[in-house]
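Taking it in order: structure first as structure tokens, then the write-up.
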Amino acid sequence: MLLTLLAAAGLALLRVRNLFAVVMLAGIYSLLSAGLFTVMDAVDVAFTEAAVGAGISTVLFLGALALCGHHESKPGHTPLLPLFVVLVTGGLLVWGTMDMPGFGDPANPVHHHVADHYIEESYHEIGIPNVVTSVLASYRGYDTMGETTVVFAAAVGVMILLAGRLGRRPQPEGKGDGG
Amino acid sequence: MSAHLPILQVVVPLLAAPFCLFLKRGRAAWGLAVLASWAALAIALALLGQVMQEGVLSYAIGDWAPPIGIEYRVDVVNAWVLVIVSGIGAVVAPYAMASIEREVEAGRIPLFYAAYLLCLSGLLGITITGDMFNVFVFLEISSLSAYALIALGQARRALTSAFRYLIMGSVGATFIVIGIGLLYVMTGSLNMADLAQLLPEVWDSRTVKVAYGFLAVGFCLKLALFPLHLWLPNAYTYAPSAVTAFMASTATKVAVYMLLRFFLTVFGAPFSFDVMALDRVLLPLALVAIASMSLVAIFQVNVKRLLAYSSVAQIGYMILGLSFATVTGLTATLLHLFNHALMKGALFMAMGCVMYRIGSVHINAMAGLGRRMPWTMAAFVAGGLSLVGVPLTVGFVSKWYLILGALERGWWPVAILVLLTSLLALVYIWRVVEAAYFRDFPGDESTREAPWTLLGPTWALVALNLYFGIDAGRTVEIARQAAEVLMAGIGP
Amino acid sequence: MTTLLLLALGVPVAGAAFIALLRRNPNAREAASLVTAGALFAIVLRIYQAVSGGARPEAVLAEPLPGIRIALEAEPLGVLFALIASFLWIVTTAYSIGYMRGHHEKNQTRFYLFFAFAIASVMGVAFAGNLFTLFAFYEVLSLATFPLVTHAGTEKAKRAGRVYLGILFSTSVVFQLLGIIWVYAVAGTVDFEPGGILRGNVGAGLVPILLALFVFGIGKAAVMPFHRWLPAAMVAPTPVSALLHAVAVVKAGVFAVLKVTVYIFGFEFVAETGASVWLMWAAAATIILGSLVAFTKDNLKARLAYSTVSQLSYVVLGAMLANSLGVIGSGMHIAMHAFGKITLFFCAGAIMVAAHKSEVSQLNGLGRRMPVTFAAFLIGTLSIVGLPPTGGAWSKWFLGVGSVEAGQIGLVAVLMLSSLLSLAYLLEIPLRGFFGKEGEGAHGAHGDGGASGEDHARADGSAPGFADRGGSHDAHDPAHAHHGPQQDAHAHHGAPRWSVAAITVTAAACVALFVYPEPFYRLMTMVTGP
Amino acid sequence: MSLDLLVSHYNYWVVIFLMMVGFYILISRGNLVKKVVGLNVFQTSVFMLYISMGKVSGGTPPILVYGETDVLYSNPLPHVLILTAIVVGIATTSVGLALAVRIKEAYGTIEEDEINAIEARTEATE
Amino acid sequence: MREEVIVRVGAKVLAPFIITFGLYVHFHGDYSPGGGFQAGVILAAAIALLALVYGLDAVQKVVTPRFVRACAALGVIIFAGVGVVTMVLGHNYLGYNALAHDPEHGQHYGILGVELGVLVTVFGVMVTVFYLFAGRRRRKQ
């Protein structure tokens, strides 16, 4: 059910050309996916996706749209090449899933190996019940540090791009511009 | 402390980055960046020494033994790449001071160094880690800061170039994530060494093959293998000079390293060559890349873009070495990683000197510069000759092993093609040389040689070009050892 | 002994440094050039003594790739080449001092500087201990002579420079380098060894291919169709042409061919496999075609250039004969042709400086004003053609006998025909000089000399007083670089003093070598063995 | 293709379909902001793929229930990875949007076709 | 919008709750979903809400751009710093067991520390980015 809604939202995104509507649809898409995450036991992820996808990114998109204008012009050419690329990629992925273990099967290798260790030992080793937090902050704490750094890098990037004086027009064409 | 070198390799520049934000003056941030990058180089050299003596180093972050936690794993291959990346970082950082002050407005300079350090630590992190998902995280650190660095370019086209790079880069990263996910679902592990053990059992599954394909496309996007190179020329052309010099010598190299690491260590050389026929896929791509991009480079009038196309062609040489599927071929690839970093670094830095003085790198604007900026142009000529592959330069060493590899396989037409394309390099380098030495200088009479703060680092790289061209014993030895590590499990 | 080898390389480089340091003082700068040249010759002489005594000094400079070293080793063939080159460098330097000042050339320091570098790389080529070293110095030589070829800096010079570097680089990179790496791949080494290193390592089918890679890959040997760079490089000032086309560049090429044949393939091995038969005919074709083209050239330097193309293939031919006599003839021809051809170029330059004539058809009667020059030209001609009493007779003799021994009677005919041709096109010049009526032809088919290009234009007005002021008017050079053509009519003062001296020396050497070819012959027999 | 396969894999396939929708928006649309939206959709769908992998039928969220030992928990590791990936995604989005804003200021448009036309024009004038 | 008293009062009332909720999410992350990242986002959202209602200037007077910028950098320093501390104490990087005699306590302290780092950075970054986008628009007008 959720998946159907998601598909509908995705297709709508493709068609709609008013960017405000697009952003709203993208927010809805995020919320729906958060719902899906909850269904699939990923409550932490759902929480985050809701906050980020539906919250922060919507705010950012709206902020950007206010600066950029909100109407998308008609695509000028028939997008055959992208369609082809997408079909090939998708086809390949579907072909690849054929040999994948079935959905939700507890016997899948993915649920054993290291995952067993996390579930069985984490309370003993770390002492907190939320395994996701244990893994996030301790077992794979270094990834989280990287993640923090990514966020910081994004801030640096946005500062580089937007913190300068407004209207700093690049110097006249031809200085370093153009070939 | 030496036990902690692997982690310090990444954490030192990473931790220096946020401090840059607290420094108001650009020079202070610059000092910090120089210190951090030199420290990184020292650590990388120490690591290489350690690995050469003691073999593989493993560092369990958070004391969690792999595969439970994240592991840093250093062998000859990535110690070598670490030296390349941090070495270029350490040379470009001092160079950046004057160059960036000219090309970037004062208020953003501390931000520049923060992004520079982040990019550096991201690249180092990708290289050193033994965990697949950690690759993705650090890939994004380096990519995000790279987008910002490129967007700092003066021309407005820097912005569109950065955006295009962002889109292409994100697609690449997402493909990589998909690939990692598919591998994970088949094995339940994210640790590379662990995966190398687990994967042979599921080689036959279509999922693993698709994962292979997605990783291949993802990395080839990042390393700008023809025809996935479209983002690169503009990005290199419009980025600030120091950024171009840094990126051209490091970013694509790290992507090549990742390709090697995933295909030859994680999947294993037998899988890549026997099951996936990687060599037969890459060979034509590499040849087309080399020939077509060298030709395109000949017709460029913006010298930075000319060099950028040349970079795409040179990446073709690295992939060509891989496609030989022999130790010699791989030695050539690993040597060229290092050698190309040296030569392209020197060439782009020479262009930075030109940019500093005359504000343009258009080939016509460089007319007569040979007399106005003799040292700069001499550096360009030296770097160019290295690119062509003249003996006693590093370029020759790479060519030698590449051709040796081709002849070992009995592919003499490939050898001839490699030699012919190095003549194309001669043509495009010579166009610049002729402009600089055989035409009259049209510009301002007061144009002088670039300051020594720019020339010093540039010539340091030129000197290395010559030194390792005359005495390549050590580099060849390391590259060969690394190649043998990568080719483990397959005959020489 | 090792020190001597290193000095042979180091002295010219040090000389270059002095030249650069003394750039403000032309006299001191030229003195430095001369002293360096003299010192180098002395060093090479010492090496010669040692080598003819049986020693084989070696020096290793570096090891760029594992197992592949930059190594120097003095052996007879290399000593022969080094002797010629270092001796003629002295003469050329002396000659160029007069010429460059007389011509008011710009950038004279750069000229001497790269001249010295060129000689340093020639020494490297001569004493190369393995293929890699040979290749490296071969390429350095191309690069070092490039600024000399394009010295004038004009559009024409630039085009010529492109052809020059383009052909030399492409042949060497595409064929020669491939050959070297291939040799390494099959033999595991690239060191020069008496008797060659390929025997037993390579199938008979591959030998012709490898040999062809070297013969054509060594573009400096100018085997057709890769000869175009040689006439193109004629835009260079005459001393450069003399150096390039008599000594340094072209001889480095044929020397390399000979050396590779002897020390990599082993000429006996080549003969056994019959690898060189078709290459002999390629060389023979170049000999004949070069002579024919030379016939059609009215420009003196162009005619000499095509003559060189033709003569170089004699050396290649000798190597391809792959027997002792052929190799001896080949080596001797390197020497004999060097002396002969440099004499001719010196004369051409002297004529240009003194009389501003660059076309053959303008030379009528000039010999009576410049008797020494034209007499020397005659001697040079005889030596090139191979007639007694000049040294050229010896090399032609050995080549002819070698051909007979190889069973290639057809080649003997080629040699005869080519000698006749070269006699015809070279002898025309002294004949015109001594017996032609002045004024005839000078304004004939070629208009008023404007067709001869800017060499001629630059010659205008600079010659008066050249011979007596040769010493020191470099300093105020640019001020009166062009006096204007009106002085042209009064320009015939005979050849300049410095030039005459140089010409006399080389012409005398041509004759002397007929009487006393012993040193070169002995060196070559040491190469071929008893 | 058995029904079994269909039942056990349809979840993946729908997710792949969503991924491809996002990917298609990303590479076919000329509007820069829409491209970023496409990127978001693409990435979010990849997240779903991961989370699907981590799901165990009949499992519960991986928050340990005190005292119980035979609870079936879903796999926590994909959750952790995706938490990281979400953050990376928002970081990319913010930089991408900031770039779009600057491009709008510099070119007056965020349509790729128009930007290309402007760039071609400036190049021609040189 | 500023004239809308209800909104202003509403926001004023709401903001503390949001902030409290954010802190709850942070500290309760060990037991239920949540943690530093989510908390940081929520806190940032509170600031954004206040800015929308009271205007950017007013909020920036209290929560200055310099402050949030510093936060962004500080968080990374805290996180990486925890690792350095454990290293100095003789363990591997991020080996929290070093932080106390009892490994379980060590883990606890470590997690608290790094979560704090995440919180600070995420809060700082989100607000910075928000300020920049919003500020750009205002300066444009």
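Labels for the chains are A, B, C, D and E, by order of writing; each one numbers its residues from 1.
Rule of thumb we're sticking to: a residue touches a chain if its C-beta (ideal position, glycine included) is under 8 Å from a C-beta of that chain, and two chains touch if they have at least 3 such contacts.
Predicted model, so just to flag it, every value in this text is computed and none were measured.
> Leaving out chain B, how do the leftover chains split into contact groups?
A, D, E | C
> Tell me which of A-B and A-D has more C-beta pairs in contact.
By the number of C-beta pairs in contact, the winner is A-D.
> Quick one: chain A and chain D, Cα centre-to-centre, how many Å?
That pair's centroid distance is 4 Å.
> Please work out the Cα centroid separation of chain A and chain C, and write it as a whole number of Å.
The mean C-alpha positions of chain A and chain C differ by 71 Å.
> Quick check: how many Å separate the C-alpha centres of chain B and chain E?
36
> Quick one: chain A and chain E, Cα centre-to-centre, how many Å?
Those two chain centres are 21 Å apart.
> Counting only residues that touch at least two other chains, what does the list for chain E look like?
Residues 31-33, 37, 69, 72-73, 76, 80, 83, 93-94, 96, 122, 129, 132-133, 136 of chain E each touch two or more of the other chains.
> For chain D, which residues are shared contacts with two or more other chains?
Only 23, 27, 32, 53, 61, 63, 77-78, 81, 83-84, 87-88, 91-92, 94-95, 97-102, 106, 119 qualify.
> Two or more other chains in contact with one residue: find those residues in chain B.
If we look for residues of chain B contacting two or more partner chains, we find 14, 17-18, 21, 61-62, 133, 137, 140, 144, 147-148, 151, 156-157, 178, 184-185, 190.
> All pairs of touching chains, please: list them by chain label.
Pairs of chains that touch one another: A-B, A-D, A-E, B-C, B-D, B-E, D-E.
> Give every residue of chain E touching chain A within the complex, in rising order.
29-35, 37-38, 41-42, 44-45, 48, 69, 72-73, 75-76, 79-80, 83, 93-94, 96, 103-104, 107-108, 110-111, 114-115, 117-118, 121-122, 124-126, 128-130, 132-137, 139-140
> Could you list, by residue number, the parts of chain A that touch chain E in their complex?
43-44, 46-48, 51-52, 55-56, 59-60, 63-64, 66-67, 125-130, 132-134, 136-138, 141-142, 144-145, 147-149, 151-152, 154-155, 158-159, 162-163, 166
> Report the residues of chain D in contact with chain B in the complex, numbered from low to high.
23, 26-27, 32, 35, 39, 42-43, 46, 49-50, 53, 77-78, 81, 84-85, 88, 91-92, 95-96, 99-100, 102-103, 106-107, 115, 119
> Quick check: in the complex, which residue numbers of chain C touch chain B?
Residues of chain C touching chain B: 62-66, 70, 132, 135-136, 139-140, 143, 150, 153, 158, 162, 165-166, 169-170, 173-174, 177-178, 181-182, 184-185.
> Which chain D residues qualify as touching chain A in the complex?
4-5, 7-9, 11-25, 27-34, 36-38, 40-41, 44-45, 47-48, 51-66, 72-84, 86-95, 97-102, 104-106, 110-111, 113, 119, 122-123, 125-126
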